[in-house]
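In the two assemblies presented below, chain A is common to both, partnered first by chain B and then by chain C.
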Partner chain A sequence: MYGWIGEILRVDLTSGKVSIEELKFAKKFIGGRGLGVKILYDELEPKIDPLSTENKLIFATGPVTGTRAPTSGRYCVVSKSPLTGTIFDSHSGGFWGPELKFAGYDGIIIEGRMKKPVYIWIADKQVEIRDASDIWGLDTHKTTEKLVKETDPKAKVACIGPAGERQVLISAIINDKHRAAGRGGLGAVMGYKRLKAIVVRGTGKVDIANEEEFDEIYDESMVVIRKHPITDKSLPTLGTAVLVNIVNEYGMYPTRNFQEGVFEDAEGVSGEKITETILVGRRACYACPIGCGRITKTSKKEGEGPEYETLWAFSAQCGVNNLEAVTHANYLCNELGLDTISTGNTIGCAMEMSQKGFLKEKIEFGDAEKLVELVEKIAFKEGVGKELSEGSKRFAEKHGCPELAMQVKGLELPAYDPRGAQGHALAYATSNRGGCHLRAYLIGPELLGTPALVDRTKPEGKADLVRNFQNLFSVIESMILCVFSSFALSPYHYAKFMTAVTGLEYTGKDLMTIGERIWNLERLFNIREGFGRSDDSLPPRFLKTPLPEGGSRERTVFLEKMLEEYYSLRGWDDRGIPLKSKLEELGLSR
Partner chain B sequence: MSEVTDLEFDTSITREELAKMIDHTQLNPSAEYKKIERLCEEALKYGFYSVCVNPCHVSRCAKLLKDSDVKISCVVGFPLGATTPEVKAFETRNAIENGAHEIDMVIYIGALRSGDYELVKRDIEGVVEATQGRVVKVIIESGFLKDEEIVKACELAKEAGADFVKTSTGFGPMGALPSHVKLMRKTVGKDMGIKAAGGIRDFRSALRLVKAGANRLGTSASIPIIEGMEWMKFSDSWFIEEIPCKICPSRFASLSKQPSKVFRYYKEKCKTCPDKEYNRFYEK
Partner chain C sequence: MFFFKKGLKVSITVKVKLFATFREITGGQRIVVVKLPRKATIKNLIEELSKLFGQEIKDITLDPKTGNLKSFNNFLVNGHNIKLLQELRTRLDNGDTVAFFPPVGGG
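Coming up: the complex of A and B.
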């Protein structure tokens, strides 16, 4: 096989059995997210507890992982999420993904549960399950350092921190110390399985079907990436935090738990301010010409970040204007293994609950010290942190104010107020993994003008754009490339990369069909779990309460109108269930 | 036949056809040599009509584009249009000697607004003469002008023997807007070219300006525009109509960038606009 290795590793932690299987479904589901979804749909019984031996955790790469294709240094983790109960894929950059590919695997399926903490050591075709008792309890940085020392200086480590060990529902898997497969609480699944880390060292390479064709499309796409103002200038210069001032100006920068859309102190906690004060360097993932990673240094220590979403989660969302505290909260999340978006969003939710009298404990907006303290408490499940560690939905429900949780399907919303961009609102509501901005990044066309600027205030036509972006992003995350590449590249480039790497003919249209297939299979998985139309929604605030000021004031979301059109375009019935004809068309009917 | 509205798009056009209408532009004063070199490489690769550069880069481009179909457009009197006719003529001759095929000159805007049409015309004629038959595009900087002044500027350019009228420099108060292009097309007729330039950043705005009557586009976002057209294959929703105010010159009127008379002129228009019901924006 070209592109793909053709082999999947299966590790049963209950029995300790390690086996190698032939890769299936590659042509129809590509790899990464698509592959993981297909395996879980086939292998998981419906309604299993995500934190039980029945759940599986899949680490997957894609056919372009480990090639020179720009932004191809990614991997994804797919499982049933303990936070949302949906199918879930969480992605991360860095160097771990390519290393797994070089070791000779397209993915790893982790099953069962160990009696004592372990880590998996993969050195090319040598696979060992090793005792991790002495590293259980360590943070992700110390874990990484110790495991590299214990195995190979060039080894790459993906691990959990204390949060994952305690099965915190918003815990992350951290690789290369600072990169996170953050969302959906998949760190908790790893923690439940008592799997502290997967350490990989690979010395192989990825075979490309047509090197000449690959070089051509590589050159072609680099011209486009270098010419696009976002990939050539904004992201490399200011990192993702370039968005702070832009989104704030649009009045869509969620402030104090989405009660407002303009943060008065945004400038002090922006990409520009990071560059002026704490930035000490840039870091790029494997094969990435963009290099959006920020190496920063506060008065206390050095680390990576904060990125845009993290910056928002710990500043505007919590009303905090102290960049040092925000950065420190970010460092802590990386070290303790927490999802920064869900952590900050949940703390902001608690702050509003406290403001409105739903909490006995005083947690005030703007309290930077409390913010940092709560991050630690969440990771260690201490005090109020124990309840917060279950995410905003469960926390707000428990205290009688579910409407104050800013989430969709249990996943905390990220840093764009949906009232300011109708398409993005629909993308949130219909996301298969809950409140996520990256299932379909409509901020591109609605705010940033990529690939073209459309009227963000109008619901017309948005259903079709959301559908198209969802389909394409499903493919990008299956190949796997970074979705940032889509600022510059189009379906044409992705198809050319797929063809050159795998030797199989793909057109842009073929990829969009595969994306649609993946999206529909995810939908089927969720329907099997009991999700339906009522879950394709947004917190009532966005539908009823207009933003009070700023560039998006007086706006609410026209969800029902868009949702109906969306279901119809998707070929689903009015309950949101794919029609038989659609499943047949996509080769998904049984 | 009904009149084209400002909101319509020409969706029949292909990537290749659009590329052949684009002057691939780099007019940033801070552009290093390597940016100019890259500009030429890109123009060759994508088949853009020309590269559009400042005079100091013309000879470099001429070397890089030797024996190719890609033309070199050079700006003159740029971006203020405030040099004398003699200087513009000299700058033109110099650009031609260095290898320019087309000249994008800025008119004497203050003279036009003062009603000194003879001087405006003479200014253009001087450049036309200096090009010795090569293409001349006359930048009228529409953002500084009322509608009747746009009409007058176009008439003078036509009378002076220019080949194109061009909306803007990209450094002025407004970019290219469909209503201005339509007015310019109506004024100059079918036989003269219209170049829309300034603020054209995506395929939607490009295709809208073509529909309005432009047959040449000046943009530095040429590659995102051409690549973005790939998305058109998958959805017609890119062309869903939007609120007319978003592309209206009155919306872009700015007291800090325009003379107060011109600013007031555009803002007054809103009161009698048939689409005034949409004029309720405070957001970007």
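Coming up: the complex of A and C.
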């Protein structure tokens, strides 16, 4: 095979058995997210407990992973999420994904549960399950350093920290020390399985079907990336945090648990401020010409971040204006293995609950010290951190105020108030993995004018835009490339890469159909789990309570209108279930 | 100068917020308060800013061929993108806040 290696590793931790299987479904589901979803749909029994031996954890790459294709340094982890109960894929950059390809695998399926902590050591075709008793309890940085020392200086490590070990429902999987497959609590699945880390060293390469064609589309893509002001200038020089001010000016920067849309102290915790104060360097993932990663240094230590989402989660969301504390909270999440979005969002939720008298414990907006303290308590499940470690939905429900949890399908919402952008609101509501901004990034057309500006206040035409973005991103995350590539590249470029790398003919239209197939299969998975139309919703605040001030003042979301149109465009019935004809069209009928 | 009529308010004041790379042009200045004639537009504002900070601000924001706003620059008047208003002809009112953003992206 070209592009794909053609082999999947299956590791059963209960028996300790390791086997190699032939890669299937590649043409129809590509790899990464699509491959993971297909395997889990076929192999998982419905309604299993995500934290049980029945759940599986898939680490997947795609056909372009490990090639020179720009932004192809990614991998994803797919599982049934213990946080949402939905199908879930969580993505990360860095260098781990390509290394797995170089070792000779398209992916790893992890099953069962070990009796004692272990890690998996993969050195090309040699695979060992090794004792991890002496690293269990270590943070992700120390774990990485120790495992590299123990195996190979060039090895790449994906691991969990104390949060994952304790099955914290908002825990992450961290690779290359600072990169996170953050969302959905998949670190908890790894922790349940007592799998501390997967360490990989590969010396092979990825075979490309047509080198000449590849060089052509590579050159063409690089010209486009170099010409686009976002991928050539904005992201490399200012990073993702440059968004703080523009989102704030639009009045969509969620403040104090989405009670407001303008953070009065945004400037002090903005991308510009980071550049002026704590930025010491920039970092790019494997094969990435953009390089949005920030190396930063506070008075206490050096680390990476905060990125836009993290910056928001620990500042505006919690009313904190102390950049040092926000950055420290970010470093802690990387070290302890927590999802920064869900952690900050959940703490902000607790702050509003405290403000409104739903909590005995005093957790005040703006309390930077408390913020940092709570991050640690969540990771170690100490004190109130134990309840917070289950995420905002469970926490708010337990205290009798479910409406104060800013989440969709149990996943904490990220850094854009949906009331200011109707399409983005629909993207949140219909996301197959819950409150996420990257299933369909309508912020591009609605706020930033990429590819072209549309009226963010109007619901008209948004259902179609959301559907197209969802299908396209399903493809990008299956190849796998970074979604930031899509600021510059189009389905045309993606199809050319797929054809050159795999030797199979793909057009842009073919890829969009595959994206639609993946989206529908995810939907079928969730329907099988009991999700339906009532879950394609938003917290009542966004539907009923207008924003009090700023550029999105007095706005709410017109969800029902858009949802009906969306279902119809998707070929789903009014309960949100794909019609038989749609499934036949996509080759998903049984 | 038709607007210098007796008894009428002769000028408006707008607050201009500059972000990201625009601050390189202003030498780090983040907020500029600009006085403009009544009925002034964004185009007039850019002209005024170029008097204060030099030609570069025009080079960055305006397409030399068409004279229109360059792609991906986003100018917001009180949180509303001028591309959905009257673009460069968007009229400014006294007390308006105008935010200048160069192309930005992230996620």
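What we mean here is this: the second predicted complex is superposed on the first by the 590 of 590 C-alpha atoms of A that agree within 3 Å, B and C clash if a C-alpha of one lies under 4 Å from a C-alpha of the other, contacts with A are read in each partner's own complex, and residues count from 1 in each chain.
Heads up, the rule we're going with is that a residue touches a chain if its C-beta (ideal position, glycine included) is under 8 Å from a C-beta of that chain, and two chains touch if they have at least 3 such contacts.
If you're wondering where the values come from, they're calculated on a predicted model, not measured in any experiment.
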item: Combined model on chain A where chain B meets chain C, clash or fit; value: clash
item: Which superposed partner A:P491 touches (first chain B, second chain C, both, neither); value: first
item: First (chain B), second (chain C), both or neither touched by A:K356; value: neither
item: Contacts of A:G251 with chain B and chain C, given as first, second, both or neither; value: both
item: Which superposed partner A:T450 touches (first chain B, second chain C, both, neither); value: both
item: Touching partner for A:M512 - first (chain B), second (chain C), both, neither; value: first
item: First, second, both or neither for A:G551, with chain B first and chain C second; value: both
item: Touching partner for A:G461 - first (chain B), second (chain C), both, neither; value: first
item: Chain B versus chain C as contact partner of A:K227, first or second or both or neither; value: first
item: Superposition clash, chain B versus chain C, among 115-123, 151-159 or 169-177; value: 169-177
item: On chain A, positions contacted by chain B and by chain C; value: 229, 249-251, 449-450, 453, 455, 550-553
item: Contacting residues of chain C [partner chain A, same complex]; value: 17, 19-21, 23, 30, 71-72, 74, 76, 78-81, 83-84, 99, 101-107
item: For the chain A and chain C complex, residues of the former touching the latter; value: 229-231, 233-235, 237-243, 245-246, 249-251, 267, 271-272, 292, 307-309, 437-438, 441, 443-444, 447-450, 453, 455, 483-484, 487, 550-553
item: Residue ranges of chain A touching chain B (in the complex, touch as defined); value: 223-224, 226-229, 249-251, 420, 449-455, 457-458, 460-465, 468, 488-493, 508-509, 512, 550-553
item: Residues of chain B that touch chain A when the two form their complex; value: 38, 41-42, 45, 201-205, 221, 223-224, 227-228, 230-231, 233-238, 240-243, 246, 282-284
